[in-house]
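Structures follow.
Both complexes below contain chain A, partnered by chain B and then by chain C.
Let's look at the complex of A and B:
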């Protein structure tokens, strides 16, 4: 969407142009005030005005010149870079699969970008071979250095490179950046760390990395959405990270929520019992996340069934919604009376969730829903049951 | 007090006003530019791919209010339906249209009546019927009695199913990637209530499949001048205000809001012709009052393409309406002015809008009147006046060039170097002609704030496939 070169220089140039405008303008205002108090003669004031005009014009010339030059240069440069990158991708592929000898280092920018592109695409043994090439040319080291210091934009670019390279040895540095004062860098570092962890082979290194990653997610108070996103990137390392998030010494509510989301998304059967234990948690977001995890896994452990039924009457609306969705997994004779009751809930969303859950509970649920459409004491409950029947293709109430 | 003292005092006031305004503009340009630079790198292609593959996004309901849009509504809805976003719905509201808007929608999308029940969280004018499409399961059309744009948006808001809602103008096109990038801001920060995006003029662009595939400089100068205006307003102004957490406007052409937040403050206010600004002010205000930490964010990514007026009459009507809306909103929320309870909003953003956006045309027109009066009475220092005018024009053009310069960093930009020169010329014309003309229009609008009329907007319409707009 954006061209990623020349903008930092443009920013500096704008700083100069604005100074060229603002400083003389401030002087002019001051001198006009003096003129108003008859402390300054008109010719002197006029000379200041001429200077301000000239200075602003110079700023304009600089900016216009840069923009015009950028327009011309960027077209050619991009074409050249694209062609070189494509040629390098083809060459790396030949090196990988046809035994062509690798070039001597160091690599120029198109060659390095092409190598990282190839690394991004290839997995398994071939991916590891590309990773060796990345190490051999010192790209990881260079990216690590650039990610640690410099302008925000350069550091973000370096983190993107590290996310493509996915080298386990870079994980500690990237995890450390999750605590950077710049929010954009923290978010990018969390994403990059998640990608690297996914590529780290099972063993003590991954376990240590998972613990450090989980601790960083909790300690640096990253937004819940970012924590969830980063967790979804860790793939096979998810169980270790989730275990730390749910029960680690620094467990936070945002971390627990994210862990529960991951349990549901990755269908982590080993963490099912733990997830169920959070249905009665004090934080409603955590309760809802636990219920969502159970609904996604399509199973409620026997010990948690009572808690799910209780959650159907939770004082918080969105918890009741998720409890209704999980309740469809309970025995109909236990769930249906509770869901029938929720058809009369003051919240439209709860009524909707209850009706949908009933519609998904086989013939017993459908029969109860038909009955509700005709005889539920709450008018809104009857309407909702009728609509759920129609939406599910279960026919009309009568 | 002699006339001379009054004149000299006024001159000093105008210069101080001009200097403060330009200093603010310059400051926000710099800050805005820095925001754009960091933002442009904060989500890489890799990150975007991960978002899609891991299904880390929030679904969106696109809300399309329509009143007598029989000529363009089908093309617009088709373009929204072709949006390449993982999960979304389109809710069109025919707001008591008196032409064939509803009929053409029924014919084009095979609409049938849907006895759907939904939470009418916000009261609106009566809904006559709800229709769904047999061809597009994610299209819903509401036929209701006329109540104005805000009322139509409220009806759409009631029917929306997803956690994010995006009110759009029916003559706009959306960029699929940019919508994904904008929705991620809600994922990344729980405090985000609303996200505004950059809107770019569609005029002259070549479209295919509801997407802009090529930018061409529009033929009419009035359209070119608006390209400059939009670049300056979005890339510098809004990006700058965002940096300070004090963004007061999200364009009505496209915005993304948390549905529960908008419903929570009572939906869009029907008492203004500028409901886009009003809802943002109210979201800020209510969040501050309830002590809830919140963010109204802005993404410099160009999300939306909109057709800008191609004739002066329509442009003047549009700006007249915007200015009336501005005053209505400022007056409604006058308790925010210089109120420390509202932090930077109350102490910086709202006073800025009062002093420079609201009262700006009055000061400007008064300045021109004073100039004329001085010329008539022979007290005008011609060389000083000309120099001052040159400074005003140069400052305006410099600012515009910075905005237009940011546009050059977009992958989809006006392609030829001659386009840059055309935009430079447009920036000069905008500072020395259009600006004065629109100042007069806004000056006149200041005294017609109570009027609620929308004014007829002449549109050329979204172009046929492969053809340039405008």
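Let's look at the complex of A and C:
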């Protein structure tokens, strides 16, 4: 991070140093060739050699000197900026909490960064007061402009500023940047949009924003991890975003998966029935995500119980694993026979999930697991049952 | 008014908390690391702890366990964290936290929560 500025000067200097080395080397090569053809006297060749060495040394001295000087200047500049920023943070805090009058605009960079840093940690009434200061000094507008044009690093910095400011009116611009050709900007824009949505109060603006955000997440095919992270950032706006991800006109499988993950992680009870409706989806990863959501929420709606039982025999292994985990929430008389069967599954992971589910199903599950440890027809099933009993502290099979 | 030990390493957040709590009439003691917090708690006189989850020399939640166990601290502890997910909140409360405040925070809400634990 020490080369945050001075890139042009450094590039030019390297160009000069290489020229200082390359040109004398070319001359030397030419003269050596002439000497080899006996057209050149030895003293002239020696002079060229000394000139080449001196030129190379000068190039090295220039580069080393620049790097050392840059380090010193850069550290001093960083320290100065940090101290100025800290002084401004203290001043903004006095303005906020002690009624000191705000300074006249425009703000220089340390003052603007400090204001955004204070905004980043506050919400509620005081947070809104800082947001008003951000608007008053035109910072949002400037950040919006910088996020839309310029170098990638400047645009990323502007997006970070917008994420700190969290002003609802900037959401449409940020959502539009989720479709930028530069991948790093798309990711940063998704995170920023998530943080702005989290701060947008409930109402039509948030609903519109949630819909546009969900549509952009699906349309621009962001990586699944980024989508899930962005959904974690939206906080209270998650139900609206998830509803659009699951049932919007542009719903994609990746978007549905991310939505189902959010349903489970946030325990969105209002979306429980919708999540359950995806247990029979054609895409195995969607089926697994729906089962995982039910398991996380520790409830399977009555209408979905048949689908969960069916999923225990799914042809795809990781779906069976998640189905076993969700099956512990069903009535023991229905779930235990299916889980018993899965103790003989060819996959270690499914056997393990089945045994763990049984161990968590109270006395009925423990009794069945003890029986399985002794009498299950599959020897791997017996071993897994015995292991799960030990791990759960339920004693030995006998 | 109470003596509040704020265990927080983020400089800006620490400054804001100090100002918010100080303006409300509380005595504020800042600790940027768990080591400094341990020392301050041994000295006594703290009425409430405001604890960040991620600190440079360890996890705030593990420190919470230590507070309630080894150090035998019984004063109210409010956990301050950026994580709003139910699991994180539940984990903090299970480990002995009395309340949970998420970042970014509302000063009014924070003061109301602190007031609840320091009244009487």
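Please note the rule applied: the second predicted complex is superposed on the first by the 332 of 398 C-alpha atoms of A that agree within 3 Å, B and C clash if a C-alpha of one lies under 4 Å from a C-alpha of the other, contacts with A are read in each partner's own complex, and residues count from 1 in each chain.
We adopt the following convention: contacts are C-beta pairs under 8 Å (C-beta built on N, C-alpha and C of every residue); 3 or more make two chains touch, one makes a residue touch a chain.
In this text, all values refer to a predicted model and were calculated from it rather than measured experimentally.
Touch criterion met: A:152 reaches chain B, while chain C stays clear of it. Contact with chain C, but none with chain B, is seen for A:97 once the two complexes are overlaid on the shared chain.
Contact with neither chain B nor chain C is seen for A:9 once the two complexes are overlaid on the shared chain.
When the two structures are aligned on the shared chain, A:267 is found in touch with chain C, with no touch to chain B. When the two structures are aligned on the shared chain, A:86 is found in touch with chain C, with no touch to chain B. Touch criterion met: A:120 reaches chain B and chain C at once.
By the touch criterion defined above, A:232 lies against chain B and chain C together after alignment on the C-alpha atoms of chain A. When both complexes are overlaid on chain A, the residue A:298 reaches neither chain B nor chain C.
With both complexes placed on chain A, chain A has more residues touched by B than by the other of chain B and chain C. By the document's definition of touching, neither partner reaches A:23: not chain B, not chain C. In the superposition on the C-alpha atoms of chain A, the part of chain A touched by chain B in one complex and by chain C in the other spans residues 120, 232.
Note for the complex: chain A touches chain C at residues 86, 89-90, 93-94, 96-98, 117-118, 120-127, 232, 235, 265-267. Of all residues in chain A, those touching chain B in their complex are 1-4, 6-8, 10-11, 14-15, 17-18, 21-22, 25-26, 28-29, 32-33, 36, 42, 45-46, 49-50, 52-53, 56-57, 59-60, 63-64, 66-68, 70-72, 74-75, 120, 152-153, 156-157, 160, 163-164, 184, 187-188, 191, 195, 223-226, 228-229, 232-233, 348-349, 383-384, 387, 390. Residues 8-9, 11-12, 15-16, 19, 22-23, 26-27, 29-30, 33-34, 36-42, 44, 46-47, 50-51, 54, 56, 115-119, 177-178, 181, 186-190, 301-302, 381, 383-384, 387-388, 390-391, 394-395, 397-398, 401-402, 404-405, 408-412, 415, 417, 420-421, 424 of chain B are the ones touching chain A in the complex. Here chain C touches chain A in the complex through residues 10-13, 15-16, 19-20, 23, 84-87, 103-109, going by the rule given at the top.
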